[in-house]
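So, here's a batch of structures to check.
Presented sequentially are two complexes of chain A, the first with chain B as partner and the second with chain C.
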Partner chain A sequence: MAEFQWPWEYTFPPFFTLQTHDETRQQQLKVWSDLFLKYLKHTNQFLLGINDQNLPLFCNESIKRRLSSELILLILEHLQSTGHAAPLDKRRQEWQVYWYTLEEYGNMVYDWIQETGQTNSICTLYEIALGESTTQLDFHGVDEAVLLKALRLLEEKGKCELIEMDGSHGVKFF
Partner chain B sequence: MNRFVYEQARLVESESFVSRDRNVKIYDGDQKTDFEDGEVVLTTHRLFWGRPGEIARAAVTLCLPLSYVLSLSEEETTSNFFGRKTRIIMHLRPPDVNKAPGPLDTSRAAHIKLSGKNGLSVEFHSALRETLTAKVWEISLTNETILKSPAPLGNVNDRLARIQKRTGIGGIERHLEAKAKATDENIALAFQDLSVLMAMAKDMVGISKSISSKIREQKGEISDDETVRFKSYLLSLGIDDPVTRDNFTSNTAYFNSLAQQICEMLLDPIEEHGGMMSLADVYCRVNRARGLELLSPEDLLHACEQLRGPIKLRRFPSGAMVLQLESHDDELIAIDTLEKVTAAESLAVEELAKQLGISLLLAKERFLVAERLGKVCRDESVEGLRFYPNLLLERSTG
Partner chain C sequence: MRRRVGLGAIQQQKLAAEKYKDKGADLQESQLEQMTKQMEVFRNKLEEFAMKHKEDIRKNSQFRKQFQEMCAAIGVDPLATGKGFWSVLGMGDFYYELSVQVVEVCLAANHKTGGLMELDELRRRLIAARGQSAVHQEITKEDILMAAKKLSIFGNGFVIHKLGKGKYMVQSIPGELSMEETNILSAASNTELGSVTQTQLMKDLGWTDYRAKQALDKVLGEGLCWIDKQSDEPSYWFPSLFPGRNAQLTAT
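So, the complex of A and B:
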């Protein structure tokens, strides 16, 4: 796996302190949010724990700076506001992070189904996420829990129907 | 109250000390006056009132000749906080036509009241009563009478003895008081030199003024001479004629002219200090310049609030207060601060303070101003607070 390309801000100490100037703070949170998504995508992760202090994402040993848990929470909440994250527990310590929004995932899957003419047929979630035919697609490798959420969103719009079989899920597109 | 005259607290011939009390205030009729928390001393002839210590060093204090007193009465006040206390009411004759000047020239009230925090002591009260019945002043005022008829003199001595001679604890206390009084007089003597110095102060200011103008004349020719320059700095601190409260009847007028003087004297120093000076520095400078006529912090603050024109008082969001040149603009401060930060890559508050020769407080305010305008950004870590150029914003937009 190629080395992750950190942005220049990662070596800029003030980047690790929440800024008080409004515009600067917005810019800072935006850069952090992008960095979070890129990093998780790079390491193929969908889960993030705020207390995971030693994650290189949270601290830069070379300049001896680390994110405070308050700032991590703030960044995750910023991601949540753009539809890229959701807390998994009430204390907001564990988070599910989406590289794309659920809607984007849903649309991508639906487009792929239509392009390949698989409407009205049933496929498993494994086929969609890890099947050989999707390797070139952006949603390949998506976490099944995340995919399920995206498909439920599609179901609400009447574009598919989820079927539960033996503890795993199947889906039929219309 | 208009029966009082200003008089030095010294005993005259044949006058003797009777009693004293502390924390006493005077009412003019039923109205409170500024004469609070003072010391009263009763002699056979007069009643003195002075601020603590004034009587001991024989300063000029308020004095009421006892001959004015027609009669005594008392009133009781009760309050929830202080409990009961007794005030003494002294009913007075109308003032003499050629009376010496006093604290009040006219007063409608024909009586004054003496009151203390816990009322007046029983001892003082009874001493006053006895002294008034003895009327020693009537006799000694006319010396001839005394010489002609020895009988009344004996009478007087008799009366005096009755007032002063006390046995038991009262007697011991009296003895101690007499000792204390002797010490007080010694101190007063020691301080006489100081009062002479006070009287000379104005002349001294005049001398320093003339020296400073001489130096100013010379400065054009030998400006390199460091001693001359140093002297001119020292003398530039002096104010020729400090504005004092005594010269003004109303507070507003006082504060306005004080503000004007502060403005005149600080304009140059503030410019030298980069356009801003913290109020603490202002306080020190102003009082150092005023020499003996010191200002209270409150008076200075009130005066600064009145400042209009080239200098104004500024309150930062953090609560810190400074005097600032009106031309001194936040935008300029921010740009200037950014330059310093960029040159050093990053700066801590104390580093900037050192560079500019200003206080930590002002250095921090400079950073905060620059930060509010988005010029610098902060880095808080275990090593403390540092400021960096705001690359976060700069690089993203440019």
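So, the complex of A and C:
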């Protein structure tokens, strides 16, 4: 895999300290949020633990700067506000992070189903996320738990129905 | 020789002096006339020259610079040209166009730079924004300074600060930088990474701790710099002076 391209801010020491000036802080959180998403996408991850202190995302050894847990939480909450993350536990230590919002995922899958004429047939979640026919698509490789959430959202809109089969899920699109 | 005496002689001397004076005035007048004529000729020649090389002046940065220097040397401002023969040059237009682009580039980067940009960076961005053809690529720092000067009539929203050592900072947010702030910028621009601390200001500028702290808080409060609290002493960083930023700019 190609090496991850860190943005210049990653080498900018104050980037790791929460900024006091309003606008600067907004800008900082925005850049961090983008960086979180890009990094997780690059490493193919959907989960982040705040206590995972040695993750390169959380610290830059070359300039001896690291993110405090408070700042990580702030960034994740910022991601949550844009629909890109959700906490998995009450203490907000473990987080699920979506490269695309659930809505975007749902629409992408639905468009693909429409284009390939698979409405009214049943697919497994595995097929959608890791099947051979989706390798070129943006939602390929999506975490099944994330996909499930996206599909539930589609279900609420009446665009599909989820079916449980032997503990795994299938889905039928309308 | 017999010395001339008497009233007549005195009168004659007086007459001669008067004649000399008249002749002198005559001479002066004709000299002035000649000078005026020469200036007229020169003006015409300069106009001819400008007309003839209009395209070169617009397109060739080297040529433009020399032309500017020539004009400056004889005390002509080719830009003070609402009307008159200089307008045929379209020189004003060139700079007006450039200054609009300067504003565009600065405003587009404001959210990242906090409203401060180094002249070199501005030039790189301008060149990138102006398109590929060679004509557009050739702009010198002098051109930009000239263009930016025209923007000063819009008040203090757009100012150029000289930081010494040929370094310029372009400020594109409203508000005036006080002397203190300019001093801090200067101090930061002399460091490798573009950052300062309170101690450093006290040492470099001979400020008291209170004054240094106040000034730094002000710069921070205006969103011009970022604070880093993970070193021994809080340090203040100017994104516009941080070299890492430009490294990536040129790489992409």
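Definition applied: the second predicted complex is superposed on the first by the 174 of 174 C-alpha atoms of A that agree within 3 Å, B and C clash if a C-alpha of one lies under 4 Å from a C-alpha of the other, contacts with A are read in each partner's own complex, and residues count from 1 in each chain.
Heads up, the rule we're going with is that contacts are C-beta pairs under 8 Å (C-beta built on N, C-alpha and C of every residue); 3 or more make two chains touch, one makes a residue touch a chain.
Worth saying up front: this structure is predicted, and the values here are computed from it rather than measured.
Taken together in the superposed arrangement on chain A, chain B and chain C clash. Once chain A of one complex is fitted onto chain A of the other, the partner contacts of A:Lys64 extend to both chain B and chain C.
Look at A:Thr20: by the touch rule set out above, it reaches both chain B and chain C. Of the two partner chains placed around the shared chain by superposition, chain C is the only one that A:Thr11 touches, whereas chain B remains out of contact. Applying the stated contact rule after C-alpha superposition, one finds that A:Ser81 touches neither chain B nor chain C. Superposing the two complexes on chain A places one region of chain C into the space of chain B, and among 2-10, 110-118, 128-136 or 164-172 that region is 110-118. Once both structures are placed on chain A, chain A residues 8, 12-17, 19-21, 23-24, 27-28, 64-65 are touched by chain B and, in the other complex, by chain C.
Contacts from chain A toward chain C in the complex involve residues 7-8, 11-17, 19-24, 27-28, 64-66. Within the complex, the chain A residues that touch chain B are 8-9, 12-17, 19-21, 23-24, 27-28, 31, 64-65. Per the touch definition, chain C reaches chain A in the complex via residues 111-112, 114, 195, 220-223, 226-231, 235-237, 239, 242, 244-245, 247-248. The touching residues of chain B, counted against chain A in their complex, run 346, 371-374, 377-382, 386, 388, 390-393, 395-396.
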